[in-house]
Structures are given as C-alpha cells and as structure tokens.
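Accompanying notes for the structure given below.
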Amino acid sequence: MGARFAVGDEISGPRKSATAQRIHWYGSGFMTANAGERREVITNIHTDDAFAQGQGLPAAIADGMMSANWISSMLIARFGADYIGRGRLRTKFIKPIYVDEGITPRGRVVAADAEPGGSVRYVLEVWAEDDDGVKRTVGEFAVTVGG
Amino acid sequence: MLDGYISDLEPGDVLRTIEYELTDLIVSEYAHGVEDATEFFHSDQTALGGQARTPTAAHVDKMRVLEESCTKERRIAGNNAADWRIHYEFEVENLSPAFVGERLRVEGRVLDVYTKRGRRFVHFEFTTSTTDGRPVSILRDRTLLRYEPETEGSDG
Amino acid sequence: MLGKTIADLEPGDVFVPLRYELTSFMCAVYAHGVEETAECYYSDANPYGRQLRPPTMVHVDKLRLLEANCDDERRIAGMRAEAARIHYEYAAVHHSPAFVGEEIVVTGRITDKYVKRERRYLAYEIRVETASGRLVTTYEDVTLLDYARVQEVSA
Amino acid sequence: MSGITIPRYAVGEELAGPERTLSLQRLTWYSMGQLGAATGVPHDFQDNIHTNPEYAKEQGLPGVIADGMHSTNWISALLWDLFGIHYLETGTLRTKFIKPVWVPTALTCKAVVTAVEDAGPGRTTYVLDVWNEDPDGTRLTVGDARVTVDEAIDEIVRARGLEG
C-alpha cells in the first residue's frame, strides 16, 4: 500500500501447487458466491479426469480464475485499496494448468507515469508461470496510486 | 438469442439485468476459496470502511446474469450444456469497492461471437453498479464454447 | 472412567490408543480451516519434499482419542453432552514433523481432574508417534468441563 | 538442499502478525477443517457454541465464542512466519485462553523475545511470550513458546526427506 515502483521492477507471489483440493475449494467458493448459499462444486473438467477427457482435454485442469486470483492476490498485497477501488486487471488463460502443477504469479512494471495531483499511474505486465518458467496465464494490470 | 444455451447467444444480445445483495458469505467464501486472507475481504474493520469483495469477484456477476439469460443452461442450478465452457480471458476494471450489505445491479451484453482457429468464442461485457447508482466494475470476458475445435487440425 | 462422557473421565484413565494414516486431505483441510499460508501443509513443494501437517493438529489427535474412548459423547459424530466443553490450555512440544503417508500412533491419559473457583477442569497428556517409533509431538491440555455453571457463579 | 533461513532475534524484540477479525464465517471454516482432519473426509461445519448463537446462549454464553484453537493456530502461524521450519522441528507452544473471544473480534497475535539461550554448537534457543489481543490491547490468549534455531537445519531437513 502506498507502494512506489520504477519501470523494470519485478514482483511475485508465493508459488502454489494447483492441487485437486485447491481446485475443489475454488469451485465450491465460486458456486457459493454464485448461489448466495453454501454449495459444493460438481463434477466438471476441473474436478474429474474422465469428464475432462470427454471434453477433449488430456486431463482435469485448474479453473483459469485460480491463476487469475493468485495474480490478483499478489497485486492486492502491493496495491491494496487502490487496486480494489480503481485497478484494472486482464488475464488470458493461454495454456492449461494441470492438477498438482506448481504455479508462481509474477509481475513487471512497464510504466510508472506521474499524474497531476501527485498520483502515479502504474502499468504492469502480469503472468503465472510453471516451474520451468513457461507462462500459463498472461495479462496486464493498471492502477492509479495516491493523489 | 436469450432463453437458450450460452452457445445460442448472438452479437448484440442484451442480457437480463439482475440485482442481488452482496453478503458476508458471498464475499468471504469466494476469498477463502482462493486462500486470500487479506482482511479487506473478511471483515469491515479495515481502512476501506467496509468488507469489500475481491476485485476478481465480478466473475460471479457474469454467472448470475447468464443464469437468468440462458435458461437452458443454468449452471448455478447444476444444469450444464453438453459442451463444457472454457474461460479464455478475464478483464475487470474496478471503479469503486463493492461492500457487504450493498445491493448490486448487473447489466450484460454480448459484444461478439466469433470463430478463431476452429474454435467459437463469446465476448461479453458486464457493468456492475450499486442500486443507488455508484459504478462498481466493468467486466469483459471471452469464453470458449467448446474445447475441441470444430474443424480438424486447427487446435493451435 | 472410559466409555461414557468426557466429564466421566478420571485421573489415571488411560485411553485406548489409536492409529491412523495421515492423508494429504487431513493436513490441507485443517490448514485451510485456519487460513494457513505455509505451502508445506498443502503440497510436497517444500524443503522436505513431503507434505506435512500443521503442528497444532495434535489437538485433532485429542479429539480422535475422545471419540474412541467416550462412547456417550462422540463429538466428531455430532453427539453433544449436557454441557459444551471449553478449551482452557494447549501446550505442545514438537519433536519432529508428521508427514503425509505416515501411520500415526496416538496414546494418552488423564493426569488430573480438579475444581478451581467453582469450575471443573480436566487435564490430559497425549503422545504422538509414528508407527516406526519416531516421536512427533507431546501434548498437554486443560479443558473446562462446563461453562454455564461458572457463568452463574462469577456473574 | 540449502539455504533455509537462520532467523535471529534479540531479547526484548516485539513481533506481530496481521490484525484479523475472528468472524462467524471463519469459525465455520475452522469447524469444517477440524472435522475433515479428524475423519479424513469432507465434513460440513457442526452446530455448536462456536457456530450457533442460540445454542451458545442456551449454554449460558452471551453469544458465539471462538474456539481457543483458532487463537492458538493464528499464534502458531506467527511462529511459522518468525521461525519457519525451525518451529516445525523443535518448537513448543503453550497457550491459555484467559478471556473469551466473542465473535466478531479483531485480533492481533504478538510475541516478545524474553530470552536467547545457547543450546550447544550452532544452536540457539529463543524463548518468547506470545499472546493475542483485541483492538484495546486487552490480552485474550496468553502463552509462551520456545524454538531452537539449528544452523544444521539443511542437513536435518535432508535427512527427514530421505526417511520417506
């Protein structure tokens, strides 16, 4: 919060394994938020290999919004209320994340422009990568801080 | 076309507007589901002055609008289409925090339906505000209607 | 006395020991329940290369012992006694981590039962080892047997 | 395997975790976590003094009271943040639930180093008072902890990994 960054600065969040348990928690949290009452995730491409294979996937994959949220949590830790109030995040799920793969959210500041009133407009390239550094989710984040 | 499947939607379709109250359960269960323990999402005793939803929770607004607009595919009710939809792109612009206890109104429309490398995508836009008129978020979303390409050898 | 409620336990009672295999689910669901952020409780991606349980999960071993030894108050199964028990003291000494896949052996006994300022307390001693004999945690616990009576006295 | 941090603290140093509110929602998560861990299968939360305001009142309580283990777990998480794997290998933690935590209450876990002891070659034992407090600074849970930081932690961890 109140963070100051320069172009080229890099940030990252904790590496997490996309375990079946986490996929279940995300699915259940999402369905609960949708329904407004406690729900459990149902059998789908995220929770069941056979179901995923029936849809042409090699195996069950993590929901794209899991990596989007891990990127978002990394940004919340840096930009806090400014992000919640006026941040913009775009994520593209360019490669699937399979169960138990390790994923690390990362970001790099590509613009830091001073604006009238003392605020700074930051733009970051953001992504979630596997242990080999291959990007699975890519995107962009923009936020105005201060002022 | 409304009242069918998500795959029946067409460019220009205006989706049904929905309203709902943001509750502690909705906000905190979503954050807990992705292990985000940031206090903003779990209590009102924060610098924000209220318990806010995660900036990603606009994704829930999309689901709620589709539930009312694509009545043959009410996924919250567990009624899925034969083809599982694949989320391809998420883009949210936050205009103000949405707090527990506020009533939200979500409007949605279909910006485009197109085919790329044998795969059909829907491009949506959802605009969320409080019912007293404060803009909260704009969500743009691209969803792949079916993982398997419709034509052979085009799965790039 | 074993086989009845927790309030019937007496100093000197030795619990029937129990064994179970520690699973990935048990560690992860407990850690998630208290919003732990340490990755070692969720996956094997940590310096040990093995997923392990949060050290505080020794308290779950106490619950498991009570479930197996107090037939009239099986709280995990949803049974309630006439009074809700209130946890008063937790004291754990960790000798080594417990890893997923290990068989856990839990033994325990009641060390004391006493009244202090009109409140009834029960004191436990619990020992957790792996089936191969590695000591994991030794634990002491004090639980208040009933709160309602106390409230009247102290009001 | 190398590079596990060797933390160092001085006597008198005060350390704190984030302020978090113990909410009813969090109590249900703890209930589900505890029961899932105890049974090995997913479990819904239980209806008890920690989750049901009416039942808590029947038991003579003014409202829902947090499970003491919730406070213990958050203090334990602070010890993890301060000592990492050293805490898992050698830590001790004692907590006493001296005042009830009514729901919701904002809690901050804190620790102060009360002694630093030489525990042999390459080993240092830190003794701490630990507690959590409400926004007025009233301590609700108090206790103490000891953690021995061992400079040979890399070898200890490697040996544990090989045991499996």
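Letters A, B, C and D name the chains as they come in the text, with residue numbers starting at 1 for each one.
Methods note: a contact is a pair of C-beta atoms (placed from the backbone, for glycine too) under 8 Å apart; a residue touches a chain by one contact, two chains touch by 3 or more.
What you see is a predicted model; the values in this text were computed from it and never measured.
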Other chains in touch with both chain A and chain D: B, C
Which of B-C and A-B has more C-beta pairs touching across its chains: A-B
Inter-centroid spacing, chain C versus chain B (mean Cα positions, whole Å): 43
Whole-Å gap separating chain C and chain D, where each centre is the average of the chain's CA atoms: 15
Distance between chain centroids, defined by C-alpha means - chain B, chain D (Å): 37
Contacts with 2+ other chains: residues of chain D: 20, 26, 29, 42
Residues within chain C bordering two or more other chains: 25, 29, 32, 35, 37
Per-residue overlap in chain A, given as positions that touch at least 2 other chains: 16, 22, 25, 38
Complex contacts: residues of chain B adjacent to chain A: 20, 23, 25-27, 29-36, 38, 40, 47-48, 52, 54-57, 59-60, 63-64, 67, 76, 78, 80, 83-84, 86-97, 140, 146-148
Interfacial residue positions of chain A with respect to chain B in the complex: 16, 22, 25-38, 42, 44-45, 51, 55-57, 63-66, 68-70, 72-73, 76-77, 80-81, 83-93, 139
Residue ranges of chain B touching chain C (in the complex, touch as defined): 32, 35, 37
Residues on chain A engaged by chain C in the complex (per definition of touch): 14-17, 19, 21-22, 25, 100, 102
In the complex, chain C residues that touch chain D: 20, 23, 25-27, 29-38, 40, 47-50, 52-57, 59-60, 63-64, 67, 75-76, 78, 80, 83-84, 86-97, 99, 101, 134, 147-152
